[in-house]
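Below you will find the structure I want to go over with you.
Chain naming follows the written order as A, B, C and D, and within any one chain the residues start at number 1.
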Amino acid sequence: MTYNILILLRQELALTVLIFLLLFIKLGKDRSNENILNFINAALLINLAAGFCCQETGELFNGMFNTNTLIIFEKNLLNLAILIISMQSYAWLKNNKNVIEFYLLILTSLLGMFFMISSGNLLMFYLGLEMSTIPLAAAANFDLTKRKSSEAAMKLILSSAFSSGILLLGISFLYGTSGTLTFSILTAHINGNPLQLFAFILLIAGFAFKISAVPFHLWTADVYEGAPVAVTAFLSVISKAAVLFTLVNLLYKVFTPIASTWYLILVLLAAATILIGNLFALRQDNFKRFLAFSSIAQVGFILIGISGSSQAGAASLIYFILIYIFSNLAAFGVVSVVSSLTGKGNISDFKGFYKTNPMLSWVLTIALFSLAGVPPTAGFFGKLFLMMAGAAKGNYGIIIFAALNMVISFYYYLKVVKSIFMDENASPIQKLEVPGVSKLAMYICVVGVIVTGLASVVYDYIYSISIGL
Amino acid sequence: MNLTLLILLPFLTAILILLAKGLQQIRVIGLIGAIAQLGLAGWLLKSFLDQRSAGNNAAYLFESNQTWFKSLNINYHIGIDGIALAMILLCAVIVVAGMLVSWSMDKLSKEYFFLLVLLSMGAYGFFISLDLFTLFFFLEVAVIPKFLLIGIWGSGDKTKSAMKLALMLMAGSALVMVGLFGIYYNTHTFDMVQITQQGIPVGVQKFFFPFAFLGFGVFAALFPFHTWVPDGHASAPTAASMFLAGISMKLGGYGCLRIAALMPDAAHTYSWIIILLATIAIIYGAFATMMQTDLKYINAYSSISHCGFVILGIGMLNKTSINGAVIQMVSHGLMTALFFAAIGMIYSRTHTRMVAQLGGLLKAMPFISTVFVIAGLCSLGLPGFSGFVAEMTVFMGSWQNPNGAYRLATILSGASIVVTAVYILRATGRAIMGPISNEHALLTDATWNEKLAAVLLIVGILIIGLAPFLINHLIIPSTDAIMLQMAKVNQLK
Amino acid sequence: MSNYFYILWIPLLPLATFVILGLFGRKYLSGIAGLLGTASLLTSTILSFIAAKQYFFVDGKVNGVFQKIVALKYTWLEFSPNVSIDLGIIVDPISVMMLVVVTSVSLMVHVFSLGYMKGEERFATYYAFLSLFTFSMLGLILSANIFQVYMFWELVGVSSFLLISYYFNKPSAVAASKKAFIVTRFADLGFLIGILILGFYGGTLDIGLLIERFTAVNSVHYISITGASFLGASMLTWGLTLVFMGGAGKSSMFPLHIWLPDAMEGPTPVSALIHAATMVVAGVYLVARMFPIFSMDEAALNIVTYVGAASALFAAVIACTQTDIKRVLAYSTMSQIGYMMFALGISKNGGENGLGYMASMFHLFTHAFFKSLLFLGAGSVIHMVHSNEMKDMGGLRKLMPITHIAFLIACLAIAGIPPFAGFFSKEEILTAAFHENKIIFGIALFTAALTSFYMFRLYFNIFWSKETSATNHAHIAHGHDNHDAHNNHGEGPWVMKLPLIILAACAVGVGFVPFSQLVTSDGKALETHIDVIFSIAPVVLSVLAILLAANFYKNQNNKSDKVASAFGGLYTAAYKKFYIDEVYLFITKKIIFPFIGQPIAWADKNIVDGFMQLLAKTTAKISELIKGLQSGKVQNYAMYFFGGIAILSILFLYIWK
Amino acid sequence: MQDIPLSQILFVSTFLFFIGMYGLFTRRNLITMLMSIELMLNSVNINFVAFNKYLFPDNLDGLFFTLFIITIAAAEAAVAIAIIINLYRSHNSIDVDDATEMKY
């Protein structure tokens, strides 16, 4: 039994160990930030590598916690993401005295996500969710002196508390109508009676809030803008990914009896999300805010993919998340470097950026093209497969709608590229000294963006491990 | 003969360009790469003809089919028929010419040549792919380089034009995408060969044909989706306009042709709409051209008119007209590239493209003026040049349709050749002939690279114009095959 | 039937010359370009004479009928299995006759130009273009395939364009060349559609086959094409009429004639070659080539007839009033071609009734010589005077005797005074007209009289009238072209005199060619005789006209002005060419441009493109409108959250249960 | 005790929930808003307990859930209050409407 625990919980345990190590380091005599950061990055790298080492699957605590190949892979994705983020925030954290607290917060939150992903029970799910949310709120406030930071944290904590209230109400009604919290048993009791449907809607609303789908998305932009870049990156990639994984898990495994209903809900949410996300992204000048809305639009596409409710649907979701990690983090990487070295964070500041920083410009450009879904970057494949999965249902209205919205999204992505390459600027951002680690992270992202798409083996593997409805 | 070389070679060139230092190295590498590509294409032609004469009558030669995305049944399936080969040759020629005319591009030259090569790579990939997914992939690969080329190296209101072009083309490819999904989910494959074998249910065709066809139509500057053409061409740097009009508009025409071949029933159902739009494009483009005052705009609008012939030929759906469409694609590619090259040379010297500000250039720069006149004569369909062959074939083809309305369309399109004569001669008479202004009198004539580029294109034009049986020999078997497919699929219903 | 393959060289030699001169002439060969061109053309001329001899006198005739021989046929562009453009060479009486005409006139012009264009900067280019034109013209007359005709038709047009705009820095020349090309292009559109019609119903583009199929009354093709009708006229009529439209355009028949007078902007030898002897008769030649088909369709023939007659008269009237000598000649050309046209129109196919056909061809033949002679004469006059205006001339007979004599002969020839060439051909035409159609005969007669009047008006104005000396010509000289360097060169070098002499000899001699034996509608020899009684009337008429002209213009006086004022409106109308140009200008400048071109250009910018812009703007506006959602107030966010739940619940709990 | 039907308890809890929501929507004071959220959570707790007691008395899922909610609510409140304090440092106010720099 204990052996089993050690094996099956290894990824969680690894994180926990790391967290405690950090605590001890904090208690011990203070070391230079560089060493700490290098240590952490190394540790995260090991953690990532270890994640792939063995594929034991099974369940614990009579079904409260369970892992399978898919879940392990998902967790590895998150490990990869957090590694990249931490590498990229090097420049930002180098001169920050609370570096360890930052890692404590985000690692705890990641731990919570791991539990959420592999939860087999609503209680466990709720615990994981909150465990991942609450530290994030604190992390959002990490720039203690910045007004925006604290405002962002306030908005995040309040609205997430509200949403978890809603979520809990939903869960309570589910419990009331089914009498169980365990997924495996729950499925049998799903019979679409009004109260249950209502409960389900509340649940979905809770999820929609986390993945910031319209109209539950309004916190996103403000929080992204206010929070430190690293936290924003974390929010926009990792927490979203984790919640999406869980959502797919729930929808495809638990709520199968009311599939027709949630298909409709998803389509509605997707349409609204894509449209609103695009329309808002059009107008943004603050880079993080811009990325926030663009990521909202991306979620819309993801929802279309999920709505396909087939093996391809799940696969395309995970595949897209992988690509999204690379492309979005590449973008955030550049932004974080620029903002931490110059304090500038507006798109208009990037005018004439290519003249001074060709390398960063190309990274950013490739990232944006990948987000826009332009070949040969992986984003093209990701988006295309999501749409294909959605189209499998034969509901072409939403596909056409999404396709036309893609054009709008092209507009704003190209607008950034335009200001980087084409706009003249008397005083562009000066030549930046990018720390080696961050550079490395960016290169990883770029390579990922290029390779993940063209190398079909990635997708085929994901497809083979993912499950359909 | 592995067709993948056609993609690998540009890829290699691009890499080398990235590694190269200094304008000299970069452009030399670019040129060598382009010439190698041309040689490759030539060799391809040779081996193609050998195969054919050896009695290999397969629809597509040099086929190779690797699984790409196994789980989605997406394959990297390549192969060429005569039409694709003609297009590939066209690209190869234009790429060499483009490299030559941009010989002295000193602003961000590395990126410039890199993007040019990337663009050509997309085009090659597009023409060799037999799998709709790869087709679509390469179609979009070719879009972004255009955006950057126009936006960075362009002139005039460049960013706006670049944005407009990119967005409209993307909208086009979005439509194409929807159409492709429709095909995919009703045949469970992207493979054109398989699709033609099993056919597509008529209802599906009727619903998805418009998306796919109009989508490609945007690329082919089909009315009313042509508005990206004038601004885009006018703002682009010379080589980019050559590629744009010479290659990427052909992607559209070729795509339309393939789609029509895949969905014959829908094509027959909607042919009247296609023909209507094409006729409008032809006439409308011609008259719009008559009103232009900027040389590049003149050529851009005339491209709309000429590409109308491509769509017209496809819409008429008979062998001759489709032949004509293909020949027109090649011919227009060469001719318009030549035109843009000449305009670029003039612009680089006089720094104006306004017809009214030019005059009597024949005195100062006889070579360039001659090139200009030749391009003009080709564009107004003078016998001996490719334009004549192409347009006449389209006319003969479309006339074969006894339906009165179609006849009318043919006659109207025929009338456009008069208008063409009007605007070409007006431009020539004003810019090339007439008295020359003093500050232009001292300008120099073309340099060696420009001459080389022009000669290359002119030779291409003349080969088609003087010996059309050659290109016919190349493409007619393929058009026969296409007609056969369409007929077969019709019976299948 | 022996081998005529060597005829291929006749067009190919000029082509070769064109290529060589075009590529290297400007740089390397500008010295010897003229000689080169002349030499190659001389060879072609000799070859064509050989061909003529062989065809007419050796083996062209098989048991009394001249055969149509297809000497070469190569499928150049195949549209569909049996419809294709074949490059071919057809050898039959008219083509051979035209071979002779074209090559010899062209040769004369080449020689003449050696002197006339001497010292031109683009001398080589000039000869290159001349060769190009000669090649295209030869290709045109040798065509066995109607689409081949069309191809060379276009080439002829473009070479004429290039030659007219030879002085490219002269805006008027450029304008003229544009006009010429565009007007003929418009006519060619008709030709093209005609070809499409005939080709569609005939199932072939080969002229021989077309004739075969459309003349056989019970062939499927004939039935189908006559059966199909549009706006009341059968498709055959349409096809032929449209083909004729092309011909009319090239031959500057009314109302497509407007380009010809302006085309005189080109160098005079060019006008002599293209706009007098060869290209402008292409239309006549085309109708003759298709004549058997034309003869199957009364309506089409009538159109030919009346257009021809109208042009003949119309042009003659105008010619009486013009003062630019080249324009006078241009209009006279038009009028003479009108003659040929209606001669064809009134003719029937074969036998005695084919007289008109034969006469037309005969007139074409003779006209080529004396008209080119007239132009070359005018050329040397202009060369001397540096002006096209009559008022700058007069009394030149002393200064340029040879030109004077040659010109006189030509005038007599065109006036139809026996025994000059024009007399015979004109007689045949008049006879044919007399037998077929009295109205036409009347017009023809009147035109003949007018012709001799204006020709001699021209003659007297140039060579007699006011007595002036060479010296003060030098003063009036305003640069007609870059010759101001050398003024008093008399009649120019021998290369300019020689052609005049030769052509003058032809103008006298060619009338005695036994034409009716050689060129007839059906290839059989046709017995004709000059009916003296019949020919009195026209001759007397023209003599009277000549005397009138002499009376008006031999010495300076104001009689002519009196008469002019007597005619009043008619005179001014004629002087203003009956305002046809203005009509065209009005249609193009005032209708097509502002009412078609500009609206479309506007619509493209504002409606089509505007729509795309509008989409973009609307999107931006909407996103501006809804930005209030993101109010920044966390409570509103919560409310929207709740609202979302409410909407979903309503939808799924009450509406879509 | 048994004669209070479930529906009435649910009524109470729902009422509580909406009171909380109303408070959240209307109150401007951050602390009060936090309290309103606590109200909502508590109503959920009532739900769980009630369901557990009335419908599924044989196992204690609901009760446990309640316990966890309470703990987490506490943690949440702690963090929230920390944040609010920090907000007060920078904004000198805990009025929610003063913290609306970021919008649109």
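Here are some notes:
Going forward, a residue touches a chain if its C-beta (ideal position, glycine included) is under 8 Å from a C-beta of that chain, and two chains touch if they have at least 3 such contacts.
For clarity, every value in this text was computed on a predicted model and none was experimentally measured.
When the interfaces B-C and A-C are ranked by how many C-beta pairs touch across them, B-C comes first. Taking the mean of each chain's C-alpha atoms, the chain closest to the overall C-alpha centroid is B. Ranked by separation of Cα centres from chain B, the top chain is D. Between the CA-based centres of chain B and chain C the separation comes to 37 Å, rounded to the whole angstrom.
Averaging Cα coordinates per chain places chain A and chain C 78 Å apart.
For this pair, chain C with chain D, the centres built from the Cα atoms lie 97 Å apart.
Distance from the chain A centre to the chain D centre is 27 Å, each centre being the mean of its Cα atoms.
Within chain C, contacts with two or more other chains are made by residues 616, 627, 630, 632, 634, 638.
Multi-chain contact residues of chain A, defined as those touching 2 or more other chains: 154-155, 158, 162, 221-222, 283, 411. Residues of chain D in contact with two or more other chains: 24, 33, 96, 99-104. Chains touching one another, given as pairs, are A-B, A-C, A-D, B-C, C-D.
Note for the complex: chain D touches chain A at residues 17, 20, 24, 30, 33-34, 37, 40-41, 43-44, 47-48, 51-52, 55-56, 61-62, 64-65, 68-69, 72, 75-76, 79-80, 82-84, 86-87, 89-91, 96, 99-104. For chain A in complex with chain C, the residues that touch the partner chain are 154-155, 158-159, 162-163, 166, 194, 197-198, 201-202, 204-205, 208-209, 214-216, 218-219, 221-222, 261, 264-265, 268, 276, 279-280, 282-283, 408, 411.
Of all residues in chain A, only 122-123, 126-127, 130, 134-135, 137-138, 141, 144-148, 150-155, 157-158, 161-162, 164-165, 168-169, 171-173, 175-176, 179-181, 221-222, 225-226, 283, 289 touch chain D in the complex they form. Chain C meets chain B in the complex at residues 26, 75-80, 83, 85, 147, 150-152, 154-155, 158, 161, 165, 168-169, 171, 174-175, 177-178, 181-182, 185-186, 189, 192-193, 196, 199-200, 593, 596-598, 600-601, 604, 608-609, 611-612, 616. Of all residues in chain B, those touching chain C in their complex are 164, 167-168, 223-224, 226-227, 230, 284, 287-288, 290-292, 319-320, 323, 360, 362-363, 366, 377, 380-384, 388-389, 392-393, 395-397, 399-400, 410-411, 414-415, 417-418, 421-422, 425-426, 429, 432-436, 468-469, 472, 476.
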